[in-house]
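A short worksheet on the structure shown next.
To keep things simple, chains are lettered A, B and C as they appear, and every chain counts its residues starting from 1.
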């Protein structure tokens, strides 16, 4: 009995994926669990494993975007007749152009305990086959003002983009003039790039404020050095210390460890720290879950694992799901300080610059200390200035005196 | 301004028309000495006598057909069909005859016939005395259909129906008969095909007929407490339909609920929803919601009956759903 | 042979021949015109020129001519799906009728009705009705209006024996008698309800007057193949109704010489039955009675032929309605 290999849904809100390449050829023997093909989804590129054993009888879709649920291959016994996957063909033809247009989702947040967001949006979106769900009025306004619905997240039932969502969005700049002939290279958007664009555009709509603080990193640096000395196999970094101390500070200031969810503020008991990383396919934010409860070396180990997978373009869905706070560290590039754009639906992101020796005044004397400038961007809908400042003060004190975090 | 009940308003209009015009007469079952099974025609027999207030045998086909014949001779008969459930018995005469004589004659004939009938659930009459069948007649070219929801509308619309040169079926609702309101001293005819904005609002338009107008007002009050501003429009005439007013309202609020006591499936609300999506598609910010009876005959036991027919809470739920606050 | 009264109400019948031969010749001419007109309709239908569903009254012309000539100006009637004869007999011009059958604006229903929905309100034709029994209630209503306004007018309903089994028939006769509306109910009993013989559809098929008995309605039996007889009895019935004494049921026995509809192969009907019907051809009977010789007959045929041919010419050169005219005349 042949088994149709259908494109799986690998995350909340996933409607389609792009098959990058097949790891098996037609006629190859496959065992259940063998990596079958590489799939580029909105968030990650990953290998999809075979769900059945047998011979790969047919590859129905060699590459390109495919809606969830469509048959992409058939596994069966050698010589077995291949069922016609034509049932999916019609749907495919209908769906593909629309899914190329853009994607919408108000519900791709997948934080443990935050399923609230989802309602039945994901399955509906799936049934939509990638079409943006927007009301006729929202479509008309978007059309008239040149706004790309793909960049919006809907607040209507089942994540539908309604007029209010469009009204909130800024009109997109007028369509660019035709590309000048010659040198300009047009790089088609990858799924990940498109997701980044959409999510950051959505983040731009959120009212935020920024708080800046500098910390004396003398003791934190000593802690890093000591940890490396104790366990040379695990290369603990400043980022790990920052993640660990931020996690502990978040647990002390749960009013910052939150998300804004339209009709509620979601507050999380644990701190899952996302660490922004540059991966080949673009910006990704792998998550170290339960950072508040991990030891520094455990945290560093986990961080190394997920960042490693990110660099290899092998992130798993669970690697990117569930963050409650993000750290973006550009210190290694010598950036002194910067402002990060929120990583929705999280309410706060910490932008970390380079540690630099600066002259500071301590007890009336000018001294040179390794100073680090931190900028916290906060969703003002969810968090007020005072608690955010309080959190930042705690974080600063932890960095300057890690023992206080105990 | 006098205060009249819905029942008195209908009676007042019949009497006024009969006083004004010898061509107007009423006929129906039990309408003379008894004054009608709903008491609408009480007193008319005493004033106008047996020739103009005609008690009929239980013969819905013949009563309606006789109305057609008299109307084609230029009279303006008003036929009462005791329960709209019994319109089924006169269906052939209404659909094949009344609706089509003008057409089939190439415009030679007019059928200025008024059919008054009533129905509606909410008092446990069971499955054969409580239906709302107005949608069937909206489906028939040549018929006009009205469903006034208040005493003032009942007067103005019935008057216009009597003086319309086409067959007009006027639906009344049993539970509306006792409701009272101030009405103009003199009957002011309400043109058939003119909707009434019951209350203005900005967030959602509820298009309701008959008893659902009142249930929608109740629902709108609750919605207001929630910060939702509801506009209620009563088409009053179902055919012809005041598309312009309905569409204008929906273009303003961008959301619509249609509500009637008849079953939702194939109901008048389906027609309204279709018209709205065609005329105001690009103004809709949410799917149009329909409120109506569940797809079941009307049960006798009150608990079952109440379950089947739409309540204010159903209208409220539909309102909330259109503004994205449904559960 | 003639039983003019039913058992318990004796109608006053004068056995007289009041009509002049000239008047009867006029009837003969009308009947022949109807016959040749309908034969032409059959021919044109078979030639594919006429759309729709058509029924001819060949064999029943005496009923139409007798009753319609007995009616006065201002009287109204409702006809049936077999309406050409009534319409022509009541004075609608053959051109207007033929034009209607061709679906032209010049037709008596302006192309909106067709063979089964012939109207001519000016001549009292309130409509041929394609629903068996469908026209009766309105005739009661028209008769009621005449009564309420005290107008000396009568409303006449034509219908066949098949209609006596419909609910409208019973409700209408009951109401008419109850209210003494000014109506005459003309039952054209040709003993066929479409393909169903009388004995299969009615327990009183051979004496339809019994239907009227149930409503205590005055009933008169008539030989429908004798135009003079039909005229006399119809006159009597109309006068009775006009006087306000109550409606009358005219129980007319007649013969349908052709099928139910044009093209009906009549597989359900024996040759004997058809032959029998042909033997009672009212036109032949009247010609014999009047002793019309061949020369006169040929002249009559020629005259009628020209009228019928002219009606076809008129109809064919008539105006086709615009498709969007279909949206007119729905409401007054």
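In this text, a contact is a pair of C-beta atoms (placed from the backbone, for glycine too) under 8 Å apart; a residue touches a chain by one contact, two chains touch by 3 or more.
Here the structure is a predicted model, which is why all the values come from computation and not from measurement.
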Ask   = Chain with the smallest distance from its CA centroid to the overall CA centroid?
value = B
Request  = If you tally C-beta pairs in contact for every chain pair, which pair wins? Let me know.
outcome  = B-C
Message = Roughly how far is chain A from chain B, centre to centre by C-alpha average, rounded to an integer in Å?
response = 57
Query = How many angstrom between the C-alpha centroids of chain C and chain A?
reply = 86
Ask   = Measuring from the mean C-alpha position of chain B to the mean C-alpha position of chain C, what distance in angstrom results?
value = 41
Query = Quick one: in the complex, what on chain B touches chain A?
reply = 254, 281-286, 321, 324, 326
Ask   = Touching chain C in the complex: which residues of chain B?
value = 25, 51-52, 54, 56-57, 59, 61-75, 77, 92-93, 96-97, 101-112, 141-142, 144, 164-166
Note = Seen from chain C, its contact residues with chain B in the complex are 76, 107, 109-113, 117, 119-122, 126-127, 129, 131, 134-146, 148-149, 155, 167-168, 171-172, 174-175, 178-179, 181, 328-332
Request  = Flag every residue of chain A that touches chain B in the complex, lowest number first.
outcome  = 135-140, 155-157, 160, 162-164
